[in-house]
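The two complexes that follow have chain A in common; it is paired with chain B in the first and with chain C in the second.
And now, the complex of A and B:
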C-alpha cells in the first residue's frame, strides 16, 4: 500500500502517522472520510517507532511484541494458565517429596484419575513450567517493546508541539468552541491565556494562535508503571540464582542444635510451646474445643567460627541471636528468615542422670550424666568405680541372628552396655546393660539381659544403674527429655527488596496516570472567527469546566455542557 | 534517535534472548535430586573410624564402590560380609570400597564393625549431610563409580549375595 506521508503544511511524516506531526491535519484515510468525526488522539497521532514500509525478520519479531493486541492476548493466556495451577496443590508445597515418582503417587492417591492427568500434564508444577516462564518472558518483552515504541515518539511529539494547528484538528477535538470574536484578537488571546495560567496551564502564543497545556507528566505514568513491572519481573527471575533464594525446612527437638544446610549457621530449639485458649476466652460455640493460642519456638542462632568443615572436630559456634519464633514473628538475621511452620508432639529422651548402686546394701556410689545423642565419652568415673561404655543402641532390638541391634537412629528405646571396673570387681570387669527409658518393656529387657550376663559369668548382680527420684512434685527429675519437635521454615529471598522497589515504582506510575490528566487547549483566530479545541486523556468534564471558566472570564459565556463535541457527533 | 534505532532493537532483543533463555532453560532442566547413571558423584570430606579424613578426590582414577549403610538396617548388616569378601578379592587389582555410615554414633558403628570384621574404610556421615547430597531414599544404596569419576550403576536395596556384587564389580573393573 502506498501512502503519501507528506502533509500539506510541508512536513514529512513517518509511515503510520495518523495526524500530521506538525500541524495536526488528519492523514489517516479513515479520518479523512468523515470530516466531522472526532479525531483519534492516541499517542498524539504519531506513528509507532517500529512502523516501517519493508520490515525484515528482526522487525517482524519486534512488531509482534510491539502490538498491544498481542500483549492483551499474552496476559489473558497467562491468567488462564496461572489459574490452572490453582486447581490442585502444587508440588512445591509438598515438603517431604523430591522425586517424580513420589509426586505421581501423591496425586494418584489424593485426586484419583484427574490427579494422574494433572500431574502428567505438568500442571502440578505450573509456575515453574517452561511454558509459563515463556509466557512471562514474552509479557516482559512486550512490556519493553510496547513502551519503547510508544513513549519515544510521544515524548518527541509532546516536546515540540506546533502552536498553530490545522483548523480540522481543532474542530474535531472532544471539546470544541467555535464563535465570532468581537474584541481585538491579539489582545483577547492574551487575556484568555492569562486566565488559563490562573488554572495552572502553561501557555504559548503565536500570531493569534494559542496552546495551553497542563499536567503533561501524567502521560508518563503508564511507562513508569511498566518500568516498575519489568524490575518486578526481573527480580522474580533473580530467584533462580542459587544464592538468592532458599526455602527449606528444619526439624528440631527441644535442646537440639543442627546446622542449617547450605549455610554457616546452626539453629537450636531451647523449648517449644503450644498453648490453647481456655473456655472463658472462647466464644460459646467454641467452648470445650482446643483452639490454639500460641505456637512458639525459643530459638538460638549460632554462627560457626572455626572447624566448620572439619570432620574430626566439633564446630566452634558463636551465638548471634535469640528469638521467640511465633507465627508472624520470624527470626531474621542478615537476610535469613526462620518461620514457625508446624510441630509434632513426640517425647524424646535427651539425657539422664543415673546413680550407680550396690544392690545388696543399697549404697549409692555416685551419679553421672548420660546423653542419648552422641554419648561420645566412653568412660565415666563414679566414686571408686569406672564405667566403660562398650556399646550403645539408641533403639534396642534383636536382629534375625538374635544379635542386639538398633532399629532406628532415634533414641526410642536406648540401651547402654557398660563394663564396670573397680574395687572388688573381677579383672575383666562386670557387664551391665542399662535401659534409661522408664517403661516396663525397657525394664524387662534390662532385667532379662543382665540375668543372661550373670549366667555367662560376666555379671554378679552386684550393681544396678538407675535414676533415683525420677518424679519430684509431679515433674521429671534427673531425666531430660523433649516433648515437642518443631518444624521451622528457613527462607532467604534476596530478590525481595527489588520486588518492593519494582512494586513501588509501578504504584507511582499508576498514581501519576490515574489521579492527574493531561489537558490541552488549542485556539486560533482567523479574521474574527475563533476556533477552540481541547483534548484530555481522561476527565473530559474537568477540561470543559476549565475552558468554560476561562471563556467566561474573557467575556464569552458558554455552558460547559455545550462544549462537548462528542454529544454533537452522536 | 532514528540513527540508533536498529542497534537498540538488537540490544534489547539480545537481552531478551539472554535473560529469557536463562529463565526458560532453567525451567527445562530441573535436576532430580537422586543420582543416576552417568552423573558425577558429589564430593564429601568425612572421617573414618581411625580419625583419618577421606575425600572423594582421594579416590580419583580408581574403580570405587560407595556403600551407604546403617546398623539399624538389616539388609545393610546382611550384605556387609559379602562386601568384605569382594573387597579382599579385588583390592589387589585396585578396587576401592568405602562404607559411609548413615550418621550414627561412632560407638554403635565401631562395635558393629569390630563384630563383623570389616577392614575397608568406614566413614561417618554427620547430620545426614552426605546422605542428602547423594539423594538417598532407601538403605542400603550402593554406587559403582568408574575410574573416570562417573556413576556406572546405582543399586538400591540389599545386594545380598556375593555373586550379585561380583557381577557388578567385574563390570566396573572392565570400564
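And now, the complex of A and C:
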C-alpha cells in the first residue's frame, strides 16, 4: 500500500486517503499517473475507518462487512434465495397440515419428484430457514458496519472544507470549465458568487478562490435510510420474542363464546352474515355465479373479572367491546387484534324447544329448552312429568359391537337419552332417546332405538318428544341454529410500531437522498486563468445547467453540454 | 352509469390512437433527419415537439378514460388485470412526461411510446368489463398501494427505455471479437423479446377478430382427506388454435385451422393445472407470431434491427442516455419503496392481519426492490456505470414485468387478479 501520506500543502493525511483532506490534490499513485482520469470523489477521498495499516481479527471482520461489494453480494444472494421460495407453495400456506410427513406427502403428490427434492432441501420453508435468516442478519450487520465506516469520515470531510483547492482537484472533476478571464478577477468572482446564491448555493470566497455548495443534507439520506432499515430488521427479528408475538386461529359458530387461548379474554360471535352481489351488479362473465360482497362477524369481547382459573366455577365476564369484524376492519383492543379470516357454511344446532306428547291422544304435556352443546342441567320439568337426562351423545354413532358412542364433541348428530317419570309411568321410568336433528338418519336411529327399548320393556311407546311447528312463514321456529362458523385470526404484534417507525425513517432517508442532490462548485483564478470544477453525487445534468446559467449571467456563454468532463471516461 | 362506461371506452380508444400517432411522429423525428433539407436538429426538434404534444393529448384522453371509468364503475379501476395494465400504461406516460420535461430528449419518446402502446394493447387482451370488488380489495390502502407501486414501476420502465436506446447506441457493429459479438447478440435479442410480446398481442387479436374458438374438458381427480376420490371436470376455452391441448382432456369444440382439426400434442403431465395447457399454447403462439414479425422486419431492414436503428442514434450522447436512465430509476426507487412495500404492508396489515406473508407476489416485489437496490449500490463504484448499468436497468424491468404478469401466469397467490 501507498505510504507517503503527507501532502505538498503540508497536511498530514491518514493512511488510505485518496485525495488530500485539505487541498484535494490526488495522493493515490494511480490517480497521479493518469492525469486525464476523473477523480474518485466518494467520501471526498478521505480514508475510511476500515483502511488500517495492520488489520487485527476484529478489523478483518469489520473490513469484510464494510465493503459495499460484500453488501451487493448479500443482497443478490438474498434475492435469489427469496425467489427459490416462490417456485412451489410454501408450507406456511398449508394451514391444515402440521406433520413433516404430511408435508412430504403433499409435495410428492402435487409436484412429483421435483417436489420431493424441493421439500428435502428445505426450500418449502425458505423464509424460516436458518440460511435465509442468517442472510438477513448479515445484511443488517453489513448495514451497520458500512454506514459507521463511512459516515464519520464523510462528516469530517464535509464539515471542514478548504475553499482553495489544488488545480488538479478542480480540473479533474466531472464538470469543468477552464478559460481566460477578461474582467477584474476579484470583482468577477464576487459577481459569480452572487449568481450562484440566487440558485440557493451557499458561497464562500477566499482571495480569488470560491466554494459554492448546496443541499449537503442530502448526503445523509442514505445513512438515514440505512438506520430505518436496521430498525425495521431488528423489529422483524424482535417478533420472535414469544411475548411480542401471538398468532392463532379461533373458530366460533353463531352464539358461541370462547376463551382466547393464553389470554384473559373471551370472544362471542353474535351473528355471522354473508352478502352476495346480485346478478345486475356482476360482469357478464360472472352472471349466475355467487360473488361475495361482504361477510362479517358481529362479535363481542369480554374480559374475565372473577373465577377465571377455577375449573369448577363459571368465569365472571364483563363485556368490553363490540365490533363488526370484516376483512378490512379488525377488532382491536389493547394491542390484541382480531381479524376476519374466513368462514364455513355449516349448519349447527344450538338449541331446540321441543314438546312432550302423548302418542295415543296427541295431547301435548308441555315444552322445554334443550341446549345442544353442553346441556346445562340434567332434569327438566314438563307439565306433570319429569325428564331426567341419563346420557348425552353430541355426535351419535354405533361402534363395531353396535353400542352407542360419540364420534366427536361437536353436536353433529346429538342424541339425548331421557328417563321419564310422572303420573301413570312405571316406577323405574320410561327410557326415551331423542334426536333433535331433523334428518332421515337421525329420525331412523330414533325410531329403531326406541323400538328396541320397547322390546326390552323400558319403553311403552306412550311418549314422543318432538319440535312442533318447526317452520313458520318459511323461517325456523322453536329451533336455534348457527348457519356459519367464522374463523378469526387473533394477533398480538408488539413489534409493529417499530416496523412502521423503521419504514418511515427509511422513506425519509430515501427522499432526502434522491430528490435533492449535493452540489459543489470550486473555482480559482490564477492570473487571468479561470478554473472551475463541479461535483455532485447525482444529476450532473442539473449541476451543469446551474454552472452554465451562472457563467452566462456573469458574461461567459457556454453550453451546459460543453462542461461535461466525462467525455473520455468510458 | 352505462353511458359513462361507454364514454370511457371511447376515450381509451382515442388515447390509444394518439399514442400510436405520437410514436410515429417521434420515429420521424429520430429517423427522418435526412429527408428534409432543414438542419437535422431543427427537424428533430420540430417533429419531437409535435410528438410530445400528441403524447400529452393522448395522456389527457387516458386520464379521461380512467376517471370516467372510476365514476361509472363505482370504484377505482385498478382491480383486475385489464384495469391494472391500462393504469400502468398511464403511469408510464406520466413518468415519460416528467422525464421528458427534465431532459427534453426527443429520442426517449421514440422508445417510451412504443412501450406504452404495447402495454396498453396488452391490457386489451384481458376482459375489460367492470367487475364488482371482492371484500378484501375494498380498502383505500389497496388503491393507494396499487397506484403508487405502478407509478414507481413506470419510472423503472422509462429507465428501461432509455437504457435500451443507450445499448443500441453503443453497440459496436465493427467489432468481431467475442465480447463485441455477445453484446450485438443480446441487444438484438432484447428487441426480439419485445417483438414476441407484440406477436402475442397480434395473435390474440387476429384470432379473436376471426372469431376463433376451441374448448376442452379436463378431468381432474383429487383424493380428499377421508380417502374418497373426487373427480372434477373443468372446461378450458382457447382463443388461439390449440397446438397443445390440456393434459388429460377431451375436445369439445375445435374449429379447424389451416387443415388442422385436432391438437398436435397434449401438455405434459407435470403441466396439469387447469389452465397450464392453454398458457403453454399461448406462449408457443406468441413465439411463432413473434418470429414471423421479426422475420418480416428483418426482410424490410435487410440487416439486424439494432444495426438498422443504430445509425439514427449517432448524434445522441450515450452519457446523456445513461444519465436519463439512472435518473428515472432514482426518481422511481423511493416511489416504488413507498408503494410496493410500505403501502403494501399497511394494506396487508389491515386486510390480512400480517404486514408480510411471503406470498409470491410480495416476494417478487421484494426481489424487484432488492434488485434495484443492488443496481444503485453497484453504481457507487465506477466500474458499474455505463453499459453494465444499462444492462441492469434492462434486466430490472424484466423483473418488474415478471412480478406484474409472470407471477400471475406462473404462480398464483393472494394478489392474483382474476383472468390472466
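Descriptive notes on the structure:
By definition in this document, the second predicted complex is superposed on the first by the 544 of 570 C-alpha atoms of A that agree within 3 Å, B and C clash if a C-alpha of one lies under 4 Å from a C-alpha of the other, contacts with A are read in each partner's own complex, and residues count from 1 in each chain.
The rule is short, and it goes like this: contacts are C-beta pairs under 8 Å (C-beta built on N, C-alpha and C of every residue); 3 or more make two chains touch, one makes a residue touch a chain.
Note that the structure is predicted; figures quoted are calculated from it, not measured.
Of the two partner chains placed by the overlay, only chain C lies in contact with A:564; chain B stays clear of it. In the superposed pair of complexes, A:469 makes contact with neither chain B nor chain C. Once the two complexes are laid over each other on the shared chain, residue contacts for A:280 go to neither chain B nor chain C.
Of the two partner chains placed around the shared chain by superposition, chain C is the only one that A:539 touches, whereas chain B remains out of contact. Contact with chain C, but none with chain B, is seen for A:72 once the two complexes are overlaid on the shared chain. Of the two partner chains placed around the shared chain by superposition, chain B is the only one that A:395 touches, whereas chain C remains out of contact.
When the two structures are aligned on the shared chain, A:148 is found in touch with chain B, with no touch to chain C. Chain A meets chain C in the complex at residues 40, 42, 68-69, 71-72, 75-76, 78-79, 82-83, 85-87, 90, 92, 109, 111-112, 114, 126-127, 247, 277, 281-286, 291-295, 326-328, 330, 337, 339, 341, 489, 491, 496, 499, 503, 506-507, 510-511, 514-515, 538-541, 561, 564, 566-567, 570. Touching chain A in their complex are the following residues of chain B: 1, 5, 8-10, 12-13, 16, 19-20, 22-24, 26-28, 30, 32-34, 45-47, 51, 53, 70-72, 74, 77, 102-108, 111-112, 115, 124, 126-127, 129, 132, 135, 137. Chain C meets chain A in the complex at residues 102-103, 127, 129-132, 134-136, 138-139, 223, 270, 317, 319-320, 323, 326-327, 330-331, 333-334, 337-338, 341-342, 345, 349-355, 358, 360, 363-364, 366-367, 370-371, 373-374, 377-378, 380-382, 385-387, 407, 411.
Only residues 49-50, 58-59, 61-62, 98-100, 128-130, 132-134, 136-138, 140-141, 144-145, 148, 152, 156, 234, 237, 240, 258-259, 261, 309, 311-312, 373-376, 378, 389-395, 399-400, 403, 405-409 of chain A touch chain B when the two sit together in their complex.
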